[in-house]
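For reference, chains read A, B, C, D, E and F in written order, and residue numbers begin at 1 within each chain.
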Amino acid sequence: MDSLTKLWLSTGLANFELGQVVMMLVGCGLLYLAIARNFEPLLLLPMGFGAILTNIPVAGFSEAGGLLHYIYYAGIDTGIFPLIIFMGVGAMTDFGALIANPKTLLLGAAAQFGIFATLFGAIALNYVPGIEFTLKDASAIAIIGGADGPTAIFLASKLAPELLGAIAVAAYSYMALVPIIQPPIMRALTTEEERKIEMKQLRPVTKIEKIIFPLGVLMMTIFFLPSATPLVGMFCLGNLMRESGVVDRLSTTAQNELINITTIFLGLGVGSKLSAEAFLNVETLGILALGAVAFSIGTASGVLMAKTMNKLSKDPINPLIGAAGVSAVPMAARVANKVGLEANPHNFLLMHAMGPNVAGVLGSAVAAGILLALVGG
Amino acid sequence: MDSLTKLWLSTGLANFELGQVVMMLVGCGLLYLAIARNFEPLLLLPMGFGAILTNIPVAGFSEAGGLLHYIYYAGIDTGIFPLIIFMGVGAMTDFGALIANPKTLLLGAAAQFGIFATLFGAIALNYVPGIEFTLKDASAIAIIGGADGPTAIFLASKLAPELLGAIAVAAYSYMALVPIIQPPIMRALTTEEERKIEMKQLRPVTKIEKIIFPLGVLMMTIFFLPSATPLVGMFCLGNLMRESGVVDRLSTTAQNELINITTIFLGLGVGSKLSAEAFLNVETLGILALGAVAFSIGTASGVLMAKTMNKLSKDPINPLIGAAGVSAVPMAARVANKVGLEANPHNFLLMHAMGPNVAGVLGSAVAAGILLALVGG
Amino acid sequence: MDSLTKLWLSTGLANFELGQVVMMLVGCGLLYLAIARNFEPLLLLPMGFGAILTNIPVAGFSEAGGLLHYIYYAGIDTGIFPLIIFMGVGAMTDFGALIANPKTLLLGAAAQFGIFATLFGAIALNYVPGIEFTLKDASAIAIIGGADGPTAIFLASKLAPELLGAIAVAAYSYMALVPIIQPPIMRALTTEEERKIEMKQLRPVTKIEKIIFPLGVLMMTIFFLPSATPLVGMFCLGNLMRESGVVDRLSTTAQNELINITTIFLGLGVGSKLSAEAFLNVETLGILALGAVAFSIGTASGVLMAKTMNKLSKDPINPLIGAAGVSAVPMAARVANKVGLEANPHNFLLMHAMGPNVAGVLGSAVAAGILLALVGG
Amino acid sequence: MDNMQQQFIEAGTLMLAGMVFVFAFLGVLIIFINTVLARLAIKFPDPIVVPHSRPNKKSKSTTSGDISPAVVAAISGAVKRYRSQHGQDK
Amino acid sequence: MDNMQQQFIEAGTLMLAGMVFVFAFLGVLIIFINTVLARLAIKFPDPIVVPHSRPNKKSKSTTSGDISPAVVAAISGAVKRYRSQHGQDK
Amino acid sequence: MDNMQQQFIEAGTLMLAGMVFVFAFLGVLIIFINTVLARLAIKFPDPIVVPHSRPNKKSKSTTSGDISPAVVAAISGAVKRYRSQHGQDK
């Protein structure tokens, strides 16, 4: 009988707390979004699974000696996993469109207003009872507006690890919702005529430009913003491996097996931060609301900047590509292309939108560096 | 001359102990089994090599600062390596045959009697002088009957790390011997007529069933046996990655590069536990004997259960597929198919035997969880 | 204004030290050699990049909590990364040519004179003011003459970690320069007639020989030189995985993804040792000079040994293949082939040179073991 | 030996509790499959795949001498991968 | 609430400093591309690749029934890889 | 400089001991190859492979326009792999 009692006392049923049940449902919700709705499944599937595992009573996945504990402290607390992912993303990124049309960097810059406006908004939310965001919290939340997963995870793990779960959920969910969030904003801020604008074909970019570009970006980051060099540096390393053409086997591994392995563990580790105490509170609602605001403001800023530039520039610029400045590579660029095609079936904006799109990645890494430098100290 | 003396004193020849020599021969024996006899080479080759390395005098592979020391404590003592392997195995497993014929789960359950009977036997062996197994030791030994390598390593590393080497050797050796151990037992317990039984073709299984199945298994494990959730959870994560169809690149990596890398280090790390003190004693003989008993009892239980079910069920069940309930995927299923073909050349049991075969994996993970819950505390 | 001041104080420009600038230029130089001159790009590209990262002011890549700090202490200080690389190199190595013509082992032995003569030279450099090499330093420097990257990194990390950066730079640079350094020495020490010598076709080697060879090498190392077993052992494990034919998926992973992943991090970690204090001094110049000497002496010793053997042996030996004894696989063998073709357009020495070439790998691992045993204690 | 006796009792209890639990657990799983999964299979049947509607899912390169562009792309990818693995040494 | 006010001032300063910096940074990058990279592109133009001079870079296996040795090698490599991955279990 | 002299002696001894040892070690390896391996090679010769007995080991897809099923499988595997790598972004 003793054994049976012991067995019963060791069951989940005998130990469940309500918060754990709710968080498992949240985990199932993330799995649903990933599998049935195809919301950034590469991260949300392991993350949802990690959320379930971490909330299992008795099992202790996230306590000392538990699997998720090791994963979190070895890979996320140290920043190693997001940086490896960023290296892989760098190895997948082609800066050709950006180099061919460097003006689009301004679109990537404008879209970062989503970040800084959200930071302001997060502080304003402190008027809501139950919400008390420090400047560090606000900065970590604001980076959701960067629409870049690894950047958000990296910054949140440094500035506000207790909010990491909610921030990652918001960042990846809204990134998956880009095709739903952006088009209405894009249509509201542009005229039919503007959306029809066709852009000049991009010039070809030489190999030497593509090789020197990541080095130039790194040098500038070193000169002006060393706190962004972990992110920018690993990104540029990946890109240099890609473009140099002399280490194809390293580049291929960084883009495939290494990023895949890291993604599985990153997702599990981020999921392990989805505990009831950390997630089930008013602050999470605030974060989700701010995330939507951040994406919208970022999109609007990009479009408005593109409208302005179109008026000042001699070469026509379709304002839709400004929306791609939020990053969310390559989804945002595809959205720009799609909305453009609706207005003008012969207008293929994809390549033109890739410029602001990858500029947005740089822009949000720079923004993350600024926040680290000014708030992280 | 001083240098020469120093060089001599640093040679292996000047420092060998007899036990080390014997253990190196054991390591060579494992290599022989792996290479010449094709005994589970993926694990036994690195494991045999690890056994040789760990017994090298002076070199200190398994002392603080040594390579195998790092591997063991980072990957096996923490349980990380067996869990990663289990995730990969999950990503390789197709539960279709089991879902199509869920009754075969009972066969996977029956075969676990090999585990619990062996536990009893291990305690009985305490009558033998020189053998003193605690209940933890007995549980770790008994899991050999689960015929599942990562499960055995995981449980042994938690309950009886000093026996890990012997347990792993026994588990993988007998898994390789399945085609020799099982057929006589299967023939002895069945009539020619029973072996000729043809089974109904399996119904097709839908995608949604395959996706929900691992989640259902995980939920049940959470409710009833949280101590099994590390093993079952990682297994189900792998299986969900496979069946969801949205993270193929993660699933492919989990099945290939990640499991390969982990296997190399798991083998080396397990081999590092094959030291003379831990292996050269009467207990190892006891473990080897118990392992054979465990496999035999498991096989017999599966077959007898299948015979019983065949009598009670309306659809015919060939008792041979009960033997596949020990797991040892997919070897045991192939053995069932082969013995079936001998009796009836038109009787292809392979797919039918895959049901109990994968059920056996779940069954032994559940059994491991029970042992952890009741004995591990 | 406060923010702006803080931002300025956090820039690289406000914090640069001269040494860091110079070391970044050194890093850029390594990148140039890797990309534009194709100097061992697989290691020099990540290494040059690591050199840049580690010298970024404020960012703290190599301080506690920094990415390169983790990489260095987890992978290089422990010796794990070079050993994994060595396993992969073992899995890529075909000892067929060596087994078919075992005499060529003597060429691999002779070429190691480059190592021990350089050790003597390093001690002699202590006469130069500003240089003070201990016997450990001298040994770590001397191993450059082994022309084997992972061996050099492994030994330097054990004997003289503060010199690791300079030693790795020298080792890989001279390995890349093999086609420039070796031919003049080879031509100077041989006559036209000798270079024209055609060698007997190699006998076919059986599978069993290739399987037993790595085990025999390991056993001898265990008997005579346990201190070399980490290097030789992992090398032989890789080779056994390759030749056994039963673990192809492990062998493939060891040769591809695993070695690629490790190479990226090994390069970054080694680059992190290229700090101004450690690199910008007279000792580095001494190391670079000694490295060139080591390669030259090794080449000459190999050629002279081959000339001697040619006179004593009944089968003709082309002295050019002696130069391949320095290792630098497979570059040195290709150089021997090329110089041979210049003298006799029908003389293909490549396969014959592979024997001394892989013998050189074993020879320098043995030499490293001797240095560890006699100097490392 | 009193100690042995107690150990046997413990082992016996474990055996009993363990087998009961294993059967109960996998038994409930049978019920789960027969109810939940079966119902799901009916509600969400697999879409019927008309072979021609997805011509690029399994390239029908069986007709000799007729290689689709996707296959060519895959082959050239394989060639590239093959070279990058075999062409670069060490 | 004095504290709130101060936080707003800090957040506002951050917003201003941040946007200025982001624009400045990416603006300098534009200049970098328009000067340094543009000059490099002129000085070191890409070599003109005559398709026929590198026939093995992209194997032209589009002509039906004509498979180059490189493709055959790649295919047999793929076959080997395929088998090694699928033929060995667990 | 007494210290230097001692260092030279140490270095010289190392050089001597090292070279003797390296030659001894690799020399014994020669003996090992000439005795043990040679004997093994005679006792366990490689099985003679008749090309036709293993047609699927190296698919003989050199005959133009005739692609074996194994190759097709490999190609479709490569296509799948190619797509899984290139079709999914980030």
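Criterion: a contact is a pair of C-beta atoms (placed from the backbone, for glycine too) under 8 Å apart; a residue touches a chain by one contact, two chains touch by 3 or more.
Here the structure is a predicted model, which is why all the values come from computation and not from measurement.
On residue numbers, the C-F interface is repeated by B-D, which shares over half of its contact pairs, out of the options B-F, B-D or A-D.
Note on interfaces B-D and A-D: more C-beta pairs are in contact across B-D. In this assembly, the C-alpha centroid of subunit D lies 34 Å from the C-alpha centroid of subunit F. A straight line joining the Cα centres of subunit B and subunit C is 41 Å long.
Centre-to-centre separation between subunit A and subunit F, using Cα means, comes to 44 Å. In subunit D, 14, 17, 21, 64-65, 75, 78, 81, 85, 88 are the positions where the chain touches two or more neighbouring chains simultaneously. The set of subunit A residues touching two or more other chains comprises 3, 7, 42, 224-225, 249, 252, 256-257, 370, 374. Those residues of subunit B that touch subunit A in the shared complex are 78-80, 83, 87, 211, 215, 218, 222-227, 229-230, 233-234, 237, 240-241, 244-247, 249-250, 252-254, 257-258, 370, 373-374, 377. Partner subunit E is touched in their complex by these residues of subunit A: 98-99, 102-103, 105-106, 108-110, 112-113, 115-117, 119-120, 122-124, 126-127, 135, 138-139, 204-209, 212-213, 216-217, 220, 224-225, 359, 362-363, 366-367, 370-371, 374-375. Those residues of subunit F that touch subunit B in the shared complex are 13-14, 17, 21, 81, 84-85, 88. Touching subunit F in their complex are the following residues of subunit B: 2-4, 7, 248-249, 252. On subunit D, the positions that touch subunit B within their shared complex are 4, 7-8, 10-12, 14-15, 17-19, 21-30, 32-34, 36-37, 40-41, 43-46.
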